[in-house]
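This structure is in structure tokens; I'll ask about it shortly.
Note that the chains take the letters A, B and C in the order they are written out, and that residue 1 is the start of every chain.
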């Protein structure tokens, strides 16, 4: 489904990514791993369309989408969450999810201005679907709470809900468990590995090995912008290069 | 309850005026005109863009209609719409470039635009130069020109009601709802990631805002029967901004509240000349420092429960669209 | 043709001189923006106050020119410190309210100025009369002196920002305020200093412009508009960008006025700004 060919990214004189190549097959749950500064976020941003790579190509469902804008990619079925929990802060949880659903609906401006009955029916239907997404993630109880007031664990679930509302085929999760307690993280990952991966392919960024090992089919390890491992989580802990990379960083850091 | 109140207000606006003296009608006209300007500006400010150049688009609308009426004897009714269209077209052209800019770049470029518009009008005789265009006719209805204050008041009222109703309803459409997602650069990034074409939405909102400014600008000019580069200046742009900020960005009715209060106050102070600006500025600073959500947030501040319309925390609106 | 060329060259030279004054004002704006993240709309009013100050101190009270300049320098620094402490500091971080507050400030100062100074235009006699000729180009001495002082001030600013510890602190805060604070830099004090320096630059520019143009309380609008255009073209936060853009705008305005008329020159500068923005949205040397 997703293929990266020789993706390279330079910022000024700094090379963040160098000839990164790997694929993600439909239905997989893949983790993008690496110590801080390895280039995970940069690669993630490139796949999500935040900025284009300096070199190389991103192929999504057979089409070259290199350089597509993030909203263009979203319309093709790519959705993402952000490392910094980003929400529509002063709106309710339900309204947040509604934003995600709107991409499926035509604008129907005139109908909206006149508040035609058919429009109102559509709105009720959309709200039902939004509630459904909240229920899927177990946070339907918070539907009328202001997003900014929610506890972090619920907020992170909400960010996933918003992305899911777009009905993506590829879901990019940027450190979904960051900042969560052990239990919250487990709950999140259980959801990802069950309900969510039934609906779409998942690529997540994570540096918590327990999560990678516990739930993911495959792991791709980056170090200083280069791929140094691509395989099962089990093999990861035994791969010499990965161990060196983490130990090496640990020594410097 | 709200519907009842609104009906009452509209009824009062429609039925009371024949009882008023021409001066009162003049004030009412000025207030209504500025209400539309302020509500139009509100749409832009709600998206996190501070526009100091709305006077430029107002001027475009006004001049368009004045030129059509004086040079081509075209009916002001058409002129009103033409003014709106011209303003909207330029908003669309410039919006494409300027809305991509981060917050303050946008403000500065729109500010510059308005100044250039006035400079162009000042420079060329075609636009009447510094003296402007005089003898701009009032619109006619059933053969007679609407020359009295009372008659024109109803024109202004009609345009105001149409504009305000449209802008209000716009908020409740999907388009209006989506605009809420574009308030800061962070939420805009989030919006883009779920498929919302932020640039297109912002441009459309900007175009809509400037359209109404252009229409009302034309109406305004036909009321004054005159237009010049010194009518729609930077001071108008800042006045509008003051009305919106003092009224409050949290609710659709905020700008209206601010406009009615301050314009009314302003007309009283007008005799004092430059003191009007001083009072406005002081009021503005006091509100900014003490009540960031504007006057409309007063009940929200006193009642820490849910308000009928959620007031926007000022910080959320103020988050910088940069870095 | 020869006359035309001569006029244009003359305009170019004058444009450079005017450009330097624009640079002074724009630099003050850039400095305040970089450190405090405020676009100080009141900047034009400070410039006006500097010019008015020269009128009242030098012409009305007949103080020596140097004393006048020192007084204006001191007063503007003081005003900068006061404004930063009372208005800007309490609104730190709230971009929208800060801009709005600076507009309010600008309105207050202007209104008070109209009341205090009246509508009649004032004139300050030239301290340096005469004209200097460089191979056919005639430059009024007054402008030449003003420009020279301007260049000196810009040079001092460069030294301040790039060669002193304070300047280092300023650049650190501009880069990343939180980290700078964590490293022990007193951001509040640096902010106050930046504001003071910014105000001083504007006031001094006004002071040197006083003998050249006629003065009225509304004279701050055009320079601040130009400064905004300059900053957008040069890039917010970039000193070199501001200098280059300032000179460029001065030249375009001057040459444009000769070729197309004064008002059209305005439009020309605006068009240039739009063109620059289309290709480089952060300005010529701005940071993305």
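Throughout what follows, contacts are C-beta pairs under 8 Å (C-beta built on N, C-alpha and C of every residue); 3 or more make two chains touch, one makes a residue touch a chain.
Predicted model only: the values in this text are computed from it and were never measured.
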Common touching chains of subunit C and subunit A: B
Central chain (distance from its CA mean to the mean of all protein CA atoms): B
Label of the chain whose CA centroid is most distant from the centroid of subunit C: A
CA centroid of subunit A to CA centroid of subunit C, Å: 47
Whole-Å gap separating subunit B and subunit C, where each centre is the average of the chain's CA atoms: 31
Subunit A and subunit B: spacing of chain centres that average the CA atoms, whole Å: 41
Subunit A to subunit B touching residues, read off their complex: 48, 50, 69-71, 74-75, 79-80, 82, 84, 86-91, 95, 98-100, 102-103, 105, 107-109, 112-115, 146, 148, 162-163, 165-166
Sites on subunit C touched by subunit B in the complex: 33, 37, 39, 87, 90-91, 93-97, 99-101, 103-108, 110-112, 114-115, 221, 225, 228-229, 231-232, 236, 261-264, 266-267, 270, 273-274, 277-278, 281
Touch list for subunit B against partner subunit C, complex: 48, 50, 52, 94, 97-98, 100-101, 103-105, 107-109, 111-113, 115-116, 119-120, 122-124, 234, 238, 241-242, 245, 273-275, 277-278, 280-282, 284-285, 288-289, 292, 314-315, 317-322
Complex contacts: residues of subunit B adjacent to subunit A: 166, 169-170, 172-178, 180-181, 186-187, 189-198, 310, 312-313, 316
